[in-house]
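These are the structures in question, set out in turn.
What follows is a pair of complexes built around subunit A, which joins subunit B in one and subunit C in the other.
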Partner chain A sequence: MRAFFEKRAPFVMVFPTLIVLLIIAVVPLIYVLRLSFTESTLSAPFKAFIGFDNFARAFSDETFGRSLVNTLFFAFTVTLLETLIGFVMALAFQSEKRLGGVVRTLALLPLFTPPVAIAMIWRLIYDPNSGLINHYLNNWGILETAVGFLGNPQLAMPAIMLADIWQWTPFTFLLCLAALQALPKSAYEAANVDGASNWQIFRRLTLPLVSPAVIVIFLFRFLIALKVFDLVFILTYGGPGSVTNVASFYIYRVGFTQFNTGYAAALSILVLLLISVVTTFMTVGRDLILKRLN
Partner chain B sequence: MAQLELRNVSKTFGDEHAVQDLSFTCKEGEFFCLLGPSGAGKSTTINLITGIDSPTGGDILLDGESIVDWSPQDRNFATAFENYALYPHFTVFKNMEFPLKAPVRAAEYSDKDRRDRVVQVAEMLRIDELLERLPRELSGGQRQRVALGRTLVRNPSIYLLDEPIAHLDAKLRHRMRGELKKIQMELGITTIYSTPDQLEALSMADTILVLNQGKVEQIGTREEIYRTPKNLFVAQFVGDPPMNIVPVQYQDGELNGAISIRLSQDDNKQRAAAVENGKLLVGFRPKDISFVSAESASSNAIGEVKVVESYGRTADVAIELDAETIVKCKITADKAPQVGEQVGCQIDQANLSFFDAETIQRIQ
Partner chain C sequence: MSEQTLPNPMPQGNVVSRIMYSRYTRLILILVFAASVLLPIVFMATTSIKQPIEIRESGAILPTRGIFTENWGRAFANVPLVRYLFNSTVVAVTSTLLALLIAVPATYSIVRFRTGGMVLPSLILGTYVMPPIVVSIPIFMMTRIAGLTDTLFGLILLHGMANLPVAVWLIDSYIRSLPVELEQAAWVDGYGRFETLLKVVIPLIRPGIVSAGMICMILSWNEFLFALILTYSDVSHTFPIGISRYEGEHGLQFGEMAAAALTGIIPIYLIVLFFQRYLVEGLTQGGVRG
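Right, the complex of A and B next:
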């Protein structure tokens, strides 16, 4: 009897979590999967089973293709820059005791701020008439006329990226800092005694030892960046044209402004598949990088 | 080749004095041993010399020149760390090769030189089979040998070895004692060696410094440390079993207490008389006791045999003289008495030590 319970105790203990996961993850997934094979609107779901029609439509939907490219471009660029800047900052501040503490605390601020608030702040900063950037560009005499950053097809995407980098670099910075501080101190002492140069210590010790963690941070951040929505929603609403139209925003528009939930569900499934494929490739890439570094 | 000197070196961590007012000179080519229990400040001392830590007071001199402001890289000392401090992502080979790739030495060695040197040292330490393994795939003793190997591949001005063979099994430790001493004598490189094991210190060192709670208890040759311990701590730390200490009262050439000795040598009498109230601690090594029959007139004490620990050729015998006093003696195993037997103990007066019962310092 006792053995029976001991064997099942772990299951009993994780059961509540399993239930919650089931409700918030698995059930919606199945629901979306079902939706994607039907003609559905927000008010009338599951009107008719139409097989793969929604998926077929997606493959010929140029806006969707463009939004996928935008998403990957956005996510890869910001993640690369954020990881790089965060890592360099972490290197710079890891041995700073007092200043490091101040910077660490300040770095938490953007993480505490609600994304919508951040987006609003950046909208004000970019504003052509009263925005901070235009104000200084004018004052310093660099530009005569105001620039509409968010309305300019060349500048809109970089503008969103800059806001994203401001918002998320603290995240990578703090994680990189934690990774650096977890490195074995004794190995560094040994390297000093062994006469290694600072470059050798960085290249032969720090980089190989910390890179597994940094690559995980990169992957982690990349997955979050693929879901970017709030900045686009508030700053550009996908425009101008569809220059900043990213996948999650396009799906939102299809589902909740055109109310075509069946098609939106199919697009979601496709994005999910695409992300799975991309992350698989990146995991393979990680192993290759790690092998090269040692 | 180098002479190292520490002058009044202190190191505090917060309120804690890890090392206090430490002064000693380690001569060129000397095998110098820091001996002390754990927490005595041995590793701190090694780290101060290495340059990983800076002293809070005092000066460290190499060949007469102060090096406290030098970086560890500039000092050119090779250190084997107590916690191994191996590079976790390098194979054993790369770990041992790393010091030879440092900018200051890289020019001296070709790729082949480096490989030969590493293999040569690895063979001596019997880790040549393990060169392609990672540290995490090794046992504690193997890791310790890699750490030692990484030190020995170099040709530094000083070797600093922090308990380098503490985690090896007994047989290997015994062999390594001999190997290390041999290497040191052949290369003639000044070596500072820390250990909590008095046997290691006695068997290898030219000079021993006994360290306790961050302070020097005694500095001397192994003979001096063993024969004339400066205080009770050294007497009881060195030797296995340690020196027997018995409180006695001295009067008119006689020591009385749990043992009674009529002093026959003038030198002993003189020393014993040096303490005014006559309260002494007399010390004698376990090997200086021999057994006589309990009735014999020549016995200095009578007691009951409590424990006999036999080591094959020799045996340690614990004898209870009275409720507070147990002495240990070391004799050849075939002469060991039976447990429970009443025996007389005769103490060799040639090697008696006297300590002041109050100050616990040796009376010279």
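Right, the complex of A and C next:
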């Protein structure tokens, strides 16, 4: 018995993980795929096989199209800004000994604050009557009237983005910091001896050396940003109109408040396909950028 | 910004950053950073001690009409907050133990014996990257068939399984950095594969296990979507669901909500302060590897 397990140890060790992946990914995905070809509700799944009707409906569903555009726009913008700010800050702090520690501790706080709790606070910050921003902008005479940031079609999305940037910039910052600190010191000593200018060192040494890591950080953060749900749920519930409706939130609405699970399944499949396509494009883009830098 | 500060030669500090910033620029950056991080948190704290009327009328950061501590009492009286915090604690701790129990041997096997080749690691990463909403309907159905909706046990299983890919991914680099010679020596000494894992590998990667555990625990504590669709009542509501329940006759009771939110955030911040080294290490070790 012991010998039996011992001989198959590598497999025995991953076996529970295989079961878990089956339960949370493989089986659900097959289920969703099957569901997407049927008319289904939450209480009565697989009522009738309807072929590609759900998909056809999705392609003419303007709200869905809007939610996809919103998701990509949101994820790309916040990821770009977060990576940029995080990188600039990491450059500033990477040789700080004492203050660097303080900054790193501070950076962990937003990252580990429950998104729901922080979204509640941002709701109050943005509030037209009792909000922090309106209060000070009015007091300082910058604004004449109260602005409801979350109810304003132009401002709602940027408002959500700002909350997201608050929460996630520390993530890109910490990763960029680690990437910078892992750079080989010897290359810099050589450049210093050769009398290279600061800008030359940055442009010819730091940037090419660190960019592979920064691009990975960008891609990774982008993939997480595509999942955005909590902030939208609490801050705007997709509104006003469908200005801040993102894919995850729309699927939630269709599946769990309208109980139309067949259609929600089709939307899920389309979102997954879109994510795969975008990820492939970005990986190709990464290789192109790296080629140009070197 | 970086180009303007270029001409400042720095006498001390290392070359990489000397390039970019003067000492003053750095101090200003630190202040701006600290202020932006702390502002919403401080605003939450001051809101929790403002009178409800004042909250409705003014967004000043400090209370102007005296300190009103009743929000804190009401936060516990009007909503079963203690119950939610208890539920969250049980779910976070137990689901993390579950995730680690499964993840540690699996990661060891994947790294050391290349079990599953290229497929298993990509499947694990893919599961992590996939938006959870995509599988929410089948997860809901399976939970219902198993009779586990609105139970803590159901949420524990789900969080444990959902955090498994994160745990694998975080522990991976720690096992990778171990010299294989140590294990080979153990095998020569007659240790079996399982004994080696238990007595040689696990003690050596303890920092990795701690950081993965902390991160899983915090992720579970903060998790919203599954808690939202799988729990209906106080029996299993967790803290993130609980704090969205401070709606009163006059809309959201922000003072009480802020007090409740702080109550749930403080334990997390304590963990962050005590385990910051592990958290930073775990996040960055896993992150840059890609």
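In this text, the second predicted complex is superposed on the first by the 285 of 294 C-alpha atoms of A that agree within 3 Å, B and C clash if a C-alpha of one lies under 4 Å from a C-alpha of the other, contacts with A are read in each partner's own complex, and residues count from 1 in each chain.
Here, a contact is a pair of C-beta atoms (placed from the backbone, for glycine too) under 8 Å apart; a residue touches a chain by one contact, two chains touch by 3 or more.
Bear in mind that the values here come from a model prediction, so they are computed numbers and not experimental data.
Enquirer: Once subunit A from each complex is brought into register, does subunit C clash with subunit B or fit beside it?
Expert: fit
Enquirer: After lining up the shared chain so the two structures overlap, which partner does A:A191 touch, if you call subunit B first and subunit C second: first, second, both or neither?
Expert: In the superposition, A:A191 touches subunit B and subunit C alike.
Enquirer: Classify the contacts of A:G51 with the two partner chains as first (subunit B alone), second (subunit C alone), both, or neither.
Expert: In the superposition, A:G51 touches no partner, neither subunit B nor subunit C.
Enquirer: First (subunit B), second (subunit C), both or neither: which does A:P208 touch?
Expert: Only subunit B; A:P208 stays clear of subunit C.
Enquirer: Counting only touches as set out at the top, which of subunit B and subunit C does A:I251 meet: first, second, both, neither?
Expert: Touch partner of A:I251: subunit C, not subunit B.
Enquirer: See if subunit A has more residues touched by subunit B or by subunit C, and give me that chain.
Expert: C
Enquirer: Tell me which partner A:I24 touches in the superposition: subunit B (first), subunit C (second), both or neither.
Expert: Once the two structures are laid over each other on A, A:I24 reaches subunit C alone.
Enquirer: In the overlaid three-chain picture, find the nearest pair of C-alpha atoms across subunit B and subunit C and give that distance in Å.
Expert: The answer for the closest subunit B-subunit C C-alpha pair is 8 Å.
Enquirer: Intersection of subunit A residues contacting subunit B with those contacting subunit C?
Expert: 189, 191-192
Enquirer: Where on subunit A is subunit C touching in the complex?
Expert: Residue list for subunit A touching subunit C: 2, 5-6, 9-14, 16-18, 20-21, 23-25, 27-29, 31-32, 35, 42, 45, 88-89, 91-96, 99, 102-110, 112-118, 120-125, 127, 129-136, 166, 170-171, 174-175, 177-180, 182-183, 185, 188-189, 191-192, 198-199, 201-202, 206, 213, 216-217, 219-220, 223-224, 226-227, 229-230, 233-234, 247-248, 251-252, 255-256, 261, 264-265, 268, 271-272, 275.
Enquirer: Please give the residue numbers of subunit C that touch subunit A in the complex, ascending.
Expert: Residues 1-3, 6, 9, 13-21, 25-27, 29-30, 33-34, 36-38, 40-41, 43-44, 47, 55-61, 102-103, 105-106, 108-110, 112-113, 115-116, 120, 123-124, 126-127, 129-142, 158, 161-162, 164, 168, 192-194, 197, 218, 221-222, 224-225, 228-229, 239-241, 243-244, 252, 254, 257-258, 261, 264-265, 268-269, 271-273, 276, 279-280, 283-285, 287-288, 290.
Enquirer: Per the contact definition, I'd like the list of subunit A residues that touch subunit B in the complex.
Expert: Residues of subunit A touching subunit B: 184, 186-187, 189-197, 200, 204-205, 208-209, 294.
Enquirer: Would you pull the subunit B residues touching subunit A in the complex into a rising list?
Expert: Subunit B residues touching subunit A: 47, 50-52, 71-73, 75-79, 81, 83-90, 98-99, 101-105, 150, 154.
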